[in-house]
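Shared between the two complexes below is chain A, which has chain B as its partner in the first and chain C in the second.
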Partner chain A sequence: MNDLVMKINDKKDWLGRQVWIVPACFGLSCLLTALSVVLLALRGFNGMENVWMCSIGADIFCMAICAMLCFSATLNSKARNADTHVFVTMLTTNAFALFLDEICWLVQGNPALRVVNLVANVLFYIMGSVLVYLFWEYIRRALKLNDRPMRIADLFVTVMLYPSLLLSLVNFVYPLYFEIDAGGVYRRAAQWDVSQVYLCIALTVVILAIAFAKASKKDRFVAISFVAIPLVNQAVTVNVFGLSTQYAATTVSIVLIYGVLFAEREKTLASTEMELGVATKIQADMLPGTFPFMPERTEFDLYASMTPAKEVGGDFYDFFPIDDDHLALVIADVSGKGIPAALFMMASKILIKNTVMTGKSPGEVLSAVNRQICENNREEMFVTVWLGILDLRDGTLVTANAGHEYPILKTPDGDFELLKAKHGFVVGGMPGMKYKETELHLAPGSKLFVYTDGVPEAENEQEEQYGYERFLNVLNKNRDARPEMLLKAVSADVGAFTQDQPQFDDLTMLCIHYRGKNN
Partner chain B sequence: MHFSHARKGVNKIIIAQVFAILATVLASGVGLILPVAERLTDNKDVLNTLLFMISVAMSGITATIVLVLMAVFSFFGYGQAAKDEAAFKKSMICALVGSTLTISGFFVQIPNDLLSTLLTSAGTVVEMFMLVYAVSGVMNLAVHCGQRSVTDGGRFMLRLLVVTYLITSVNTLIIRIFELSEHAWIVSIVIGAINSVLELLRYAFYLRYLRQCAAMLAAYDGEAEDE
Partner chain C sequence: MNIKKKKTGSTLTVSVNGRIDTATAPEFDADVTQNLDGITNLILDFKDVNYVSSAGLRVLLSLQKKMMAAGEMKLIHVNEAVSDVFEVTGFDEILTFEKA
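On to the complex of A and B.
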């Protein structure tokens, strides 16, 4: 039995993987609605009883609602999942049942179209069983009913669907549920009540599942409405020939389900936005943000900033004293965006700082951090890092670069220029990497500018990149400015270049002005 | 940990199942004989027909009384066992709802055949849930007691329950489909007999499984007291 349950579940999961279902269902619902209007226009209202017209009107109106709900589902492709596919399939099945109901009334009492009436009615009964089955499937997924009794209930409902469909098909050759008389008029047969048995079985399972599920009151209310509204409608209209509004009643239930789904999604979105806001604040708090940094130290002036592209970004900078004479400077860019990048960024930042504080050189630090990240990097994320350790006594700067942008250096009497030293491989990309070190000597009055790729790769409306030429120009125009003003000038220039274009990548910059020991 | 409530509850459910087997035998007898009795009403031997009908009615009444007893023992048995294992509470609810639906279905049969069909179908599903939750409850207890054989027996029981309920549900549909045909009584007897055999089989295996569970709980509680 477990094998059978697994096979059934495999088939059901197939539904969740089919991305074409939502657009196809929308197209079909629209087609059915348009076709129903055209057929009504061709047929006209001649010879129709008032109740038939009521049924047809309700059918077309509800088909349009189904099409609109399908359209709504097509809009948010990212939020689609197996549940959405089941829901949309349920909507389209309902639309198809409404269409068949309309056909039945359009050809009612026309002996020449007796066969059309027969086919439409057989399909109408089939749709009833399929719709109830899909509703069970939807409830099973929405309320996450996966325990042992529910798996058995699922097997029972699924297997019982087949004899139910078979019995509907029998009506082609034997009037089991209904007959179309010589005048082309539909009449219920003596064993019509058998047609309701599957609906009764499946809905009983649904009611029990809802009763025993650990679901919220709202979910229970919505689920029970799918049973209650059509049942009340059936009780009222069962003996009124011509008034078939059971699928219109089902549409009301589906709209109710959709409303609750929509409200739930809005709630989830609001909650996610709030969490993202908190994450942004946590990330901002993680980066050193008190300026001037170590104002008592006259050897240097330092400023840094990070403007994330999304609420939380993957870039970071860091600076901290290792001892009285050494200052560590870090700038890094994590692959990807959003929460995953921010989590990876925090882990990387802590690892780098902790390893630097052990007294290792920049190359050794990057090798050690790379080893630790590669140990459990199942998501295959990586980070580009530029790390420098500045000796504040004589301006010696030892750096190591793991796939990061070239730093920009300004000598006391010169311009800002790219410092093209050899790159190592990104941290987290491959285990066992070694990183070469480069040693520089910063003369008093030198400025070092490090940044992430968000600055040179910022794009304007024409998809032109900001580039190094503009970047170096703005730096050189402000060559005498303090680091804070220099960063603000670059930010303003990038903003002027991109204008109203949304920021694609994080903008992170760090600048240090080395004044020397005896300034 | 003790499972004394579950043990006492399961013992009551065992008694209920004995009643269930008795009721099935009596009801099956009535079900099989009734189509023949209906044909005998044309017979001119009025006295024999009358005696026959009285015996059928007596069997029916006895079966109903036994069914009510079964429902009472089941309800209290599941209720008591629910104090130790939550799944039995669901069985208790199903026992109450299932009995109500089945009895209602029986009483509304003459005024409203459609409603009777629906109530009886729903009652069958609820009864299946009652047994499924009970077997799941026993399996949960078996995990606590470390009795793998009882857990495996539970899997077999669940398989048996699904198969027998599926067959009896389809059979009920077949009886309804052929009820207006000329040979309805033959279909009714044959399918009715198959359903009765399946029901007896189901109850017999369920009874055996419950006895296994009772023995497991008695042994477990004994060990717990020794410790």
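On to the complex of A and C.
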């Protein structure tokens, strides 16, 4: 369900649909890392100060980390959403900033490359502003900061970004923040402090926003530390020329975000899996599972089983005595899978049983259940049902079929054969459906086998279906076996056919052997 | 699964190629539903559909209900395997087929 909600939200989100972002960011950050190593090799270490080397080393190392994190984002293509896209964009912007930082140090003190130094530094300042903005965007999304003050803060951070970018560009023509002197060396200009204005204001807004956010204490604490790491780093290193580790610090922050994100996802996944497991268990427990069933009644022998597919599904069988002489048999398949199908199955099963117990005939039961389900069925789910009521005294079996697979009947001396009786429409699909009844007479020694589509439609690796030919063959090979053995033989045969293919659909079967009153 | 759409006036013809199952049904649903504005005649060409699962049936049911209010929906070129599915599930009672 969570996935569903996420998908619906994403539909409205342009950013969430840009599937090219993750691979593009991965490629770009790899390219930058490789290029940075090549450039360093070309430049060599001649005339480089130790502290510059520290910065360059940190830059390359952190670029590699960014590339690796982008790579891990490419792996889970299903869980990608707008948040992931902001995250990888932030990573790649960070990698680019690191790259620029490296360039600045590579060309430092080289008058011939004065222009490169200038361009790299301008871009460096621009990336700083962009990164702060992406930081804010990411945290806003992660903590779901959507109320009015947050929207004002968002507007503020967004609008302020543009003058900040503009001021950085001014440095091309006028040394506002810095200048590159004739010797090719970077020097801060008198108004350098202006460059820190946007960063400081935006980061203050971010911290205030987080502090007053309606998120949990832990979330807020983590979010504030993300922002605090680069801030503290900046405060400590601001006056050390040659040491530019601000983007290394942001990398550390991003790695932290990633770690927290990963842990959160694992936690959600674990609890979802646990809930699904419980749902499967509740569902299985709802089906009668004590065999032999009514061993004191010698008129019949009955066995049923449901092997759920990996995901909880919507198949079910049911059997119960209505009175001393009548036994109800049900097999059904709800459309769809997962929790919605399981919930629908529960409701259908209870409705069918309760309606049968009021003494209605199979056709009337299905009409009544159809009416009740259609009253409130906005999800447009439906269920196929085969329902039979067997008179244990003489073997009369009245059946009605709402879009379910044909039953298979074996007469005492014959083979198992498909019984193509009249079908009605599935239950829950359209209001006002009528269901025709078919009356069969089971002679003592007859066997009736009902199942869901998981059996004939089981697929092997070549996408071939198991099909009715194999199905009837295995039944006929075991024609004299008791119902329990018959079911096990079919299961084994389907298993041998599909081999290593994961079982896609539930495998549900029910078989009754009618022995007659005086056997 | 591949979907081709052709719109002439208020008639939308949708040709589907492949399987309509749990994996592809949501796409089929979204793709057709998005294009139903002003359509009074929906034709689903199932010539190249070789399998329809219950998830696919659910989409057909919901399309049928939408089109019942707006006009009509027809299925054409349904092959035998798929038509068996419609017969077994009783969908042949609520859908309109045309052997063209």
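As a working rule, the second predicted complex is superposed on the first by the 494 of 519 C-alpha atoms of A that agree within 3 Å, B and C clash if a C-alpha of one lies under 4 Å from a C-alpha of the other, contacts with A are read in each partner's own complex, and residues count from 1 in each chain.
As a convention for this text, contacts are C-beta pairs under 8 Å (C-beta built on N, C-alpha and C of every residue); 3 or more make two chains touch, one makes a residue touch a chain.
Quick caveat: nothing in here was measured; it's all calculated off a predicted structure.
Sharing chain A, do chain B and chain C clash or fit in the superposition?
Verdict on chain A: chain B and chain C fit.
Touch check for A:201: first (chain B), second (chain C), both, or neither?
A:201 contacts chain B only, not chain C.
Contacts for A:153 in the overlay, against chain B (first) and chain C (second): which applies, first, second, both or neither?
first
Could you look at A:421 and tell me whether it touches chain B, chain C, both or neither (first, second, both, neither)?
In the superposed model, A:421 contacts neither chain B nor chain C.
When both complexes are superposed, which of chain B and chain C contacts more residues belonging to chain A?
Here the partner covering more residues of chain A is B.
Taking the superposition on A as described, I'd like to know which of chain B and chain C A:176 touches: first, second, both or neither.
In the superposition, A:176 contacts chain B only.
Output check: A:212 vs chain B and chain C. Expected answer is one of first, second, both, neither. What do you get?
It touches chain B, and chain C stays clear.
Applying the document's definition of touch, where does A:402 land relative to chain B and chain C: first, second, both, or neither?
second
Touch check for A:190: first (chain B), second (chain C), both, or neither?
The first partner, chain B, only.
In the superposed arrangement, which partner chain does A:430 touch: chain B (first), chain C (second), both, or neither?
It touches chain C, and chain B stays clear.
By the touch definition at the top of the document, which applies to A:167: first (chain B), second (chain C), both, or neither?
first
Between chain B and chain C, what minimal C-alpha to C-alpha distance in angstrom results from the superposition?
Superposed on chain A, the two chains' closest C-alpha atoms are separated by 37 Å.
If I apply the document's touch criterion, which positions on chain A are contacted by chain B in one structure and by chain C in the other?
After superposing on chain A, no chain A residue contacts both chain B and chain C.
Can you name the residues of chain A that touch chain C in the complex?
333, 335-337, 380-382, 384, 402-406, 423-426, 429-430, 453, 457
For the complex, give me every residue of chain A touching chain B.
Touch list, chain A to chain B: 1, 147-149, 152-153, 155-156, 159-160, 163, 167, 176, 190-194, 196-197, 200-201, 204-205, 208, 211-212.
For chain B, which residues count as touching chain A in their complex?
90, 93-94, 113-114, 117-118, 121-122, 124-126, 128-129, 132-133, 136, 139, 155, 158-159, 161-162, 165-166, 169-170, 172-173, 176-177, 179-180
Using the touch definition from the top, list the residues of chain C that touch chain A in their complex.
Touch residues, chain C against chain A: 22, 53-55, 57-58, 61-62, 65, 87-91, 93-94.
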